[in-house]
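Read through the structures below before going on.
Paired with subunit B in one complex and with subunit C in the other, subunit A is shared by the two complexes that follow.
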Partner chain A sequence: MDTVSKVREYVVENFLFGDGESLREDVSFMEEGIIDSTGILELLFFLEETFGISVEDHELVPENMDSLRSIAGFIDRKLNGSSAAEA
Partner chain B sequence: MIGVLGHRGPDETGLYLDDRVGLGHARLSIIDLSSGVQPIHNEDKTLWIVYNGEVFNYVELRQALERKGHRFRTTSDTEVVLHLYEEEGPGCLTQLNGQFAMAIWDAKKKELFLARDRFGIRPLYYTIADNTMIFGSEIKSIFTNKNITREIDPVAMDQVFTFWTTLTPRTVFKDVYELPPGHYSKISDGKVTFKKYWDIPLFGRREQHALGPQEVCQRVRELLEDAVRIRLRADVPVGCYLSGGLDSSGTTALVVKNFDSDVRTFGIRFDGDEFDEGEHQRRMVSHLNVNHTDLRATSEKIGASLPDCLWHCEKPLLRTAPVPLYLLSEIVRKSGYKVVLTGEGADEVFGGYNIFREAKVRRFWARYPDSRSRPELIGQLYPYIFNNPRLKRTLRSFFAKGLDRTDDPIFSHFIRWENTSRTKAFFSQELSKAIGQYDGYEQVRQSLPADYEQADDFSKAQYLEMTIFLSNYLLSSQGDRMAMANSVEIRLPFLDPRIVDFMARVPSKWKILGLHEKHILKRSFEGILPHEVTSRPKNPYRAPIRRSLVNNKAAGYVREVLSEEALKTAGLFDAGKVTRLLRKAQAVESLGEIDSMALMGVLSSQLVHRQFIRDFSPGPANSISPDLVVDRRSEALKATN
Partner chain C sequence: MDFHKDILKLDCRSEVERICSFIVQQVREVKRDGIVVGLSGGIDSALCAALCVRAMGKDKVFGLILPEKESSPISAEYATKHAKELGIETETVDITPTLEAFGTYQKRDDVIRGSFPEYDSASKSKITLPADLLSKDSLNFFTLKIDDGNGNVKTTRLNKKMLNGIVAATDTKQRTRMMHLYYYAEKTNYMVCGTTNKTEVIEGFFVKYGDGGVDIEPLSHLYKVQVYQLSEYLGVIREIIERAPSPDTWSFEVNDEEFYFRIPYAKLDPLLYAWEHDIPTERVCEVMDLTEEQVNRAVRDFNAKYRATKHLRQLPPTLE
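Presenting the complex of A and B:
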């Protein structure tokens, strides 16, 4: 399963409670109200556990966390050792 | 009908019947214990009243009426209200300083008059079926009539899951309405009319006081002292709720220092620092040297009592906070008390809520949306969620929503309501379809009075808070209903109309000075309360949700009403999503804000559906033997023959 699919499955199960049909890769979690502040921490825990990465405080910005696509890009950059986007 | 309201009036019951009307009353005796049984009539028995509540200035009103020649049979406030109505008609309402719902039958004019106090402290519901108006203090009394259809109103569900409550006059039950606060109704000749006699005051700058802050505080102290004084009028002992916060500490201190140094106080304690105010409560108990009783509201007790609490609320809840107040009134009653003073209303009148300050900061931020420093002020309002540096940017994005909509009349509340609306994702397709294109925000915008637009930003936010949240949530689900469930009356000095009117004329800049909430009230209480109480930031009253609902005490009914079968029978929620939500709540240690509200909203809706739609039963208390029966049916029939 690729990165986007793994994250999608988690988000659909835990934040959309199974209703994932309209979750496109570029949908903003914040703007669409999919994930709130507590949810961001839950998502972070999942990403760190699942992908074996460590997310620094300064990396926890909407540009890295706000959609399936931005999360996938962020994870790929982390796994490839390049620096993550910072705002 | 009155049998099912025994908790509101366990002391006496009475009936009036003629060929047009039937009035029933269940009495909680507080003033004139021996001769106050209702219905009460005027001198020539042409007017009959049933009345729930208190008018605190009845002593002064009675003196004036006696000077005009009125003669009284009792010493009750009820009889004063009736004679004042006889003298002035609906115009009497603006003279009443109190909390009431009443019905007056004019047997001569064949006209029924229904009225409710300014803020809606006391409830009054009605429905019209087969050309008959059926009314009562609680909806369950209306439902005892087997001809009434019991259905959940889809639009009301949309409102509850947006605003935390229905928008007046709607209730969660189809075709059952509340008489809105500050309104009266007349029913005669098959016609029903409604009229607003009072509204939350909105004064323009020209109508505001020219007094300085010091004079304002002096006047507030005088008004509050008098508001407390007349609210101690009772032929039974009066206690006080004491939470440890500014408002209840202030009212209790005024009682102790001026009227009753032995007053009995009652407070709620929680397990865990997140919700508990025990330290502050203890400080006030020691400062005032009062006889205090506290209730420990454990999560298990909250979970176990939720179904009973909802029987009294008669609407879904998104918070568990009402339940501890239900448990507290039980302790009050068991301690031999029927009446307590509470601090409710101060946050609305004096500017205590974060939502007021939040709107102020967001307007300030909206002038320079790219500013990095302005949004930092939001962090000062919510230190308990901004203390995690990892969330700073996310929260900033959250509060930046709608910054371009400062002209929207509902700007102050938009974020809160949008946030709550996310819980509607759990609605079933069937319910969403029935709600259709209904737009609750637009309904609120359309309901605003002409002078709203001229009011300052804070007064606008205050108006929204008082017309939507105060009456239908704070004063009912968290107020009258939770107290009356155990036959206890709450009295609210901060909602004395003289205080509300006076404070509406105080410039907003003094109410929230900079970002300091309730500035005027804090200064008014200086010298009466310890500095620790007047200087500490407000800690909102909350109760745990997840751990109250996911525990052994609640497990039985949670499993039952959230089963796929029960969810499908009610048809309100998507069973698959709710199952996932419950699974998540059981798996995690803490549940997010939206998920918590959704869990509570779904569960409470299902319980309301079970209690009032599927299995409605008025219970064994439905049969009573009235203490007073006035049966004029035969006389009326003779007159028509």
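Presenting the complex of A and C:
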């Protein structure tokens, strides 16, 4: 399962009560009221656990966390950054 | 609708008359003999007491001062001084034993010790949101900050479980105060006066069935900067007017801005007004000397907090 699909599954199950057919990749979680501030904390925990990443405070910005697409891009950058650093 | 620098400036004389008429009308409507105000030592409750005295006379207003061991010592001192100047009778009840019996401090500290095992009775704690939203964008996440009592500060970002545990415990402070206010009010056939202002109502900065559990809200149509205007007009003591607004429920001192609002009141209130009245962003930028990105950031934050706290402003939903 790719990154977007994993995050989508989590968001739909935990914030949309399973009803996420219309959740497009670019929908803003905050503008649409899908995830509130405590929801972000839940999502963050999921991302750190699932993808084995550590998210710093300064990375908690809408550009990284506000849609399926932005989260997927952020995770890919984190994972690639980690790989590059380890190589 | 127009928007300009003085948009929140009040005609204090007529506004005070309007609020006083409202207070009298409400007390009569429910056939009460007076009104009780919880005096926190902050500006909102100080203004409420002053308005109630102006409306009802000092003999029909009672001030309850409800400190606990983590309140700033100057809170009760300022509350008492202001009450004396108003000439109202007060009673001070230390709510620490009630909170200890419930386990407020223990429950909160147990959560804190999950991250900081060394946290003890000499330590202080607070939670804050990221600072200065207008200068630097970030999502709303709470950080727990502890001080070991010697100025050594440690911080950690809170997860949902820790945040909920700490907030649930801390909110019992406001709910205990509500219990004391209603005990006194029912005993004397008085109303309980609320002290929540409009800035707090919109952003959900109050505790349901805590400081939000009241009979009348004389300030809920006034932004915080307007609370200051009326306080100056009615002669609230300087110490209270000049004090930084704070929830005063955390042992580690924290002001309203760092705890919750993330924007100073002088900018926050006009921005809230603009948000509430759908003022075009371009006009807001022009009047307030802000960029479009800053205004959009504030609007995003208002929308998020307003939506997340909607249930606080409603009665419990029922079936027809």
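Quick note on the criterion: the second predicted complex is superposed on the first by the 81 of 87 C-alpha atoms of A that agree within 3 Å, B and C clash if a C-alpha of one lies under 4 Å from a C-alpha of the other, contacts with A are read in each partner's own complex, and residues count from 1 in each chain.
Throughout what follows, contacts are C-beta pairs under 8 Å (C-beta built on N, C-alpha and C of every residue); 3 or more make two chains touch, one makes a residue touch a chain.
Computed from a predicted model, the values in this text were never measured in an experiment.
Novice: Tell me which partner A:S37 touches in the superposition: subunit B (first), subunit C (second), both or neither.
Specialist: Both partners, subunit B and subunit C.
Novice: Is A:F45 in contact with subunit B, with subunit C, with both, or with neither (first, second, both, neither)?
Specialist: Once the two structures are laid over each other on A, A:F45 reaches subunit C alone.
Novice: Is A:V61 in contact with subunit B, with subunit C, with both, or with neither (first, second, both, neither)?
Specialist: both
Novice: Looking at A:E9 after the superposition, I want to know if it touches subunit B, subunit C, both of them or none. Which is it: first, second, both, neither?
Specialist: Touch partners of A:E9: none, neither subunit B nor subunit C.
Novice: Which partner, subunit B or subunit C, touches the larger number of subunit A residues?
Specialist: Tallying touched residues of subunit A, the top partner is B.
Novice: A:D19 contacts which: subunit B (first), subunit C (second), both, neither?
Specialist: Touch partner of A:D19: subunit B, not subunit C.
Novice: What residues on subunit A does subunit C touch that subunit B touches too?
Specialist: Common to the two interfaces on subunit A: residues 30-31, 33, 36-38, 40-42, 44, 57, 60-62, 65.
Novice: Name, in rising order, each residue of subunit B that touches subunit A in their complex.
Specialist: 385, 388-391, 393-395, 397-398, 401, 418-419, 422, 425-426, 574, 576-578, 580-581, 584, 588, 590-595
Novice: What residues of subunit A sit close enough to touch subunit C in their complex?
Specialist: 30-31, 33, 36-38, 40-42, 44-45, 57-58, 60-62, 65
Novice: Once bound in the complex, which stretches of subunit C touch subunit A?
Specialist: Of all residues in subunit C, those touching subunit A are 130, 137-141, 143, 157-160, 163-164, 300, 303-305, 307-308.
Novice: With touch defined as at the start, can you tell me which subunit A residues reach subunit B in the complex?
Specialist: The contact residues of subunit A facing subunit B are 13-14, 16-19, 30-31, 33, 36-42, 44, 57, 60-62, 65-66, 87.
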